[in-house]
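A single structure is presented below for examination.
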Amino acid sequence: MQINPSAKHKLIRNSVRHFAETELAPIAAEIDRNAAFPLNVIAKMKKLNYFGLQVPKEFGGAAMDSISAAIVMEENSRVCAAVGLCVAVHNGVAVYPFLQFATPEQKKHYLPKLASGEIIGAFSLTEANAGSDSASVETTAVKKNHEYILNGTKIFVTNGGVCDLALIFALTNTDQTRLQSSVFIVESCFSGFLRGELEDLCGMRANPVSSLFLEDCRVPEKNLLGKLGDGMKIGMTTLDNGRIGVAAQALGIAQGAFEAAVKYAKERQQFKKPIASLQTIQNYIADMATEIAAARLLLYQACSLKDEGAPFGCEAAMAKLYCSQIASKVTSMAVQIHGGYGYSKEYDVERYFRDAKVTEIYEGTSEIQRLVIARSVLSQLTF
Amino acid sequence: MLNLVVCLKQVPMVTELPWDEKTGTLRRDLAAGMMNPACKHALEAALQIKEKFSAKITAITMGPPASEEVLREALALGADEGILICDKLLAGSDTYVTSLILTAAIKRECPKFDLILCGAYTADSETAQVGPQLAEELDLPAAAYVEKLEIHGRILRVRRLVDNFRETLEMEFPALVTVSMENYKPRYTELMGLEKAFVENDVIVLGAAALGINASLFKNKGSRTKVRKVFLRKAQKENVILQGTASAVVTEFLNKYQRKISTAIGKSIEEKKLNDEE
Amino acid sequence: MMKSKKKSIWVFGDYRNYYQNRVTLQLLSKAVDLAQTINAEVCALIFGHEIDEWIMEYTAHGADRILAIDDPALKSYSTERYLAIIENLAKERDPEIILIGATDFGREFAPRLAKRLKTGLSADCVGLDISQDGLLLQIAPSFGGNMLAEIVTEFHRPQMATVRPGTFKEIPHNYTRKALVERLPLMKKLPKSRVRLVEYERSVEKEHTIENASVIVCGGRGMGNKEKFKKLHDLAKLLGGDVGATRPVVYAEWADHGALVGQAGKHIKPKILFSFGISGAIQHTAGLGEADFIIAINKNPQATMMKMADVAIVADASDVLKTLIKELKKRIRE
């Protein structure tokens, strides 16, 4: 596992940071205030391969290693978490299942368009009655001739308002003894696919999160992803990967807030000196720096294991758990260091505080992450 | 096929001037580096030429080992090869010496160049001298502050705005231009294919010996100019704070500073008595 | 072979755009000052066609001697020809110092000349002096004007510097002054210009004036919206100045790219800078090192820009702008 960034990783970080500072920084506050998804900047990002980070070259992707991909997501989120979320979800949980489970025909048909961003993807598992209890989905998929007819409602779908394609988890067998769910590739142009209103959220406001309604939605049978009944398997595998993306987002948010806090502490004078010279503030800064450094190592470890082809679910859960928790902590501390100004929208730090919280919730709450980690530990025979 | 040479410089990314009060020097080693903005425009001009015509781009830079980063960035953007001139002997060279060294490297590695592109000036030293001095050393026709380049066979046609004149100039290859920041907006680095930029052999490193430059050049008489002192331009600002309603602060401000402003604008500003309200 | 025993300070006659471009007169004035310290004569170089007007002006503004070449071949400025001419003259006459105005032309010409003469050059100086050991002290800015360097050319002659227009004040003209005018012939073997001027036209565009503007009114995101931002133009007009903008503002298309001030935009050197609703990100302030007097208006007294200012007005930027325009309209007398 590498600790020092390679020259390539440094170039990636600098390039993405430059783009983010130039294109995202000037609009981040405004799009958060207006909950407006910045289509024109997203269009630029598509051209620069942000939507095909780990897609193989043959399908027009950037074929990056996982640390590189994490750096991209981190640097986006460091400036504008809502856009970072769009990129992370598209790459991490919409594209990834195609890489792992799609047939050659499905890959050929969808991956190039996903990689170029011509299709923006979404992953929808969550329902009103199925959050952490993902097995309790109620959306159904009934086979009829050569199609599946889907009925149900998915909520809190990231990218929902703009996605061209969503991976929908649906029950394909209501046999009480053995619930079977499967995953369907549903394009927004299929009949019976409807989007709900955009959610009015505390943070990540510029991301078009919405519900998706499936009303006798007709999905061709060739759009079944994997085999019938693979729902649980695809879900678990995908969320393992998604965790890396969330950890990267949380890390980026923490990093951005941390930098702002340090800068402010050096400038703000009270008692005739910069507050950065006060021991209390120095303690906060030390804690934040250490937590971020530790979070980064956990994230890169999970990335390394994934690239080695080793099981990485537990490490990814640790990274997600820790990164999201410190993100909430660091952003809260950053607001505190800014004092009253931190509470005002005049400064960006309150947005980071709002954006950070959801990283502890989506793609598996912190409670679920602990469950995953504990199960992994308890099932191990050697330590 | 056109042979283009782009001169790049890595300059400190000025997020904060890392100034050492005690020694009175700039801690360049503390500041992260970035490709000088004007050089980015020069590279962009070269890339656009390469897109239109068949061309090979050699990126060249002189600096400490970290400068290799800008060469790799140039490769990622589309340059074909990079030359890093790196040697402790060369540290602190002024533009006179820099142009000598760049000349030696260009003559050695890409003597059959058609066009050399430089940024108009650097964000740190801002002398805008290396380009013209390199042209002089190589005895090339040159134009500075170029905004637009057009190539017709062996003829280079450039457009620029200098001293309020919009000029169109022509010269024959081989030639040199310095590129202003008015045009050729630099493209962003694509995320695809970045590993291509890190192929070992694509960047060659040359030391002073390889360039046939010996130490005698660098005793006192190497650099022509010598920096005796550097200091922060600290304008001793009073930082007067005015607070209140818009009309109150404007009145207070004008009463205090109307003379200063009228001197600067060359018109007189009447004093208004406080009870002269409209 | 005329080798003056007295040292000679040469000032290049950059006479193009005369009425706005007064840098040669400014340099002559400084040259007179330096000449007194090192006991030298001030010599103006004028190469062109029909140059009597300049000969008169430069004499009236401080030149002791004029080296003039009047020839149709020199009708337009030509870097290559001037290089050849000055190289020749310098060989003959061994000047101690050559000063050139840092116009676009000067900044391109001087480095080549310094190379040709195998000597050192400082660019865009904002100060000149004579050091204790009799050398020309060249004070040049760097890092967007946030730093100044004192530079000398110890072992080579002539000592050369380009000087930023507006650095020195011209001496009032004195038409009773006399100078020794040498009308020299154009050298026989004049190099052919390898750079051909195909066409040119006077530009009435305002693009570049912000870098030379002495009053600048800058606005940032704190202006609120495009309408309110546009009002800055009214203030600029009243003050005879220019409008500058921060990157977020240019990005939001409240102003165009030519107004961008900062690291990636223009470095400005105004006497007075108004900074409305700007927080002061380093990418912007990196271009402000040389603003003489800064007035910042921002609701937020903690903003970096407020700390950098001579006067920090804590109030809503847009309100202050409106009020200031109203008040100035009442008070300004042309």
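Of note:
In order of appearance the chains are A, B and C, and numbering begins at 1 in each one.
As a convention for this text, contacts are C-beta pairs under 8 Å (C-beta built on N, C-alpha and C of every residue); 3 or more make two chains touch, one makes a residue touch a chain.
Predicted, not measured: the structure shown is a model, and the values here were computed from it.
Relative to the C-alpha centre of chain A, the farthest chain centre belongs to C. Between A-C and A-B, more C-beta contact pairs are found at A-B. Per-chain Cα centroids separate chain B from chain C by 18 Å. Centres computed as Cα averages put chain A at a distance of 52 Å from chain C.
Each chain gets one centre point, the mean of its Cα atoms, and the points for chain A and chain B are 39 Å apart.
Counting partners per residue, chain A has no residue that reaches two or more other chains. Taken residue by residue, chain C touches two or more other chains at 307, whereas all remaining positions touch fewer. Across the complex, chain B meets chain C through its residues 14-17, 19, 26, 37, 94-96, 99, 123-133, 135-137, 141-145, 157, 161-172, 178, 181-182, 220-221, 223-233, 235, 237-247, 249-251, 253-254, 256-258, 260-261, 264-272, 278. Here chain B touches chain A in the complex through residues 34, 68-69, 72-73, 76, 188-195, 197-198, going by the rule given at the top. In the complex of the two chains, the chain C residues touching chain B come out as 16-17, 20-21, 80, 103-105, 107-112, 114-116, 118-124, 131, 137-138, 140-156, 194-203, 205, 207-208, 214-215, 239-241, 263-265, 267, 271-272, 282, 286, 289-290, 292-295, 301, 306-316, 319-320, 322-324, 327-328, 330-334.
Of all the residues in chain C, the ones that touch chain A in their complex are 221, 247-248, 251-252, 299-300, 302, 304, 307. Within the complex, the chain A residues that touch chain C are 22-23, 25-27, 30, 264, 267-268, 341, 346.
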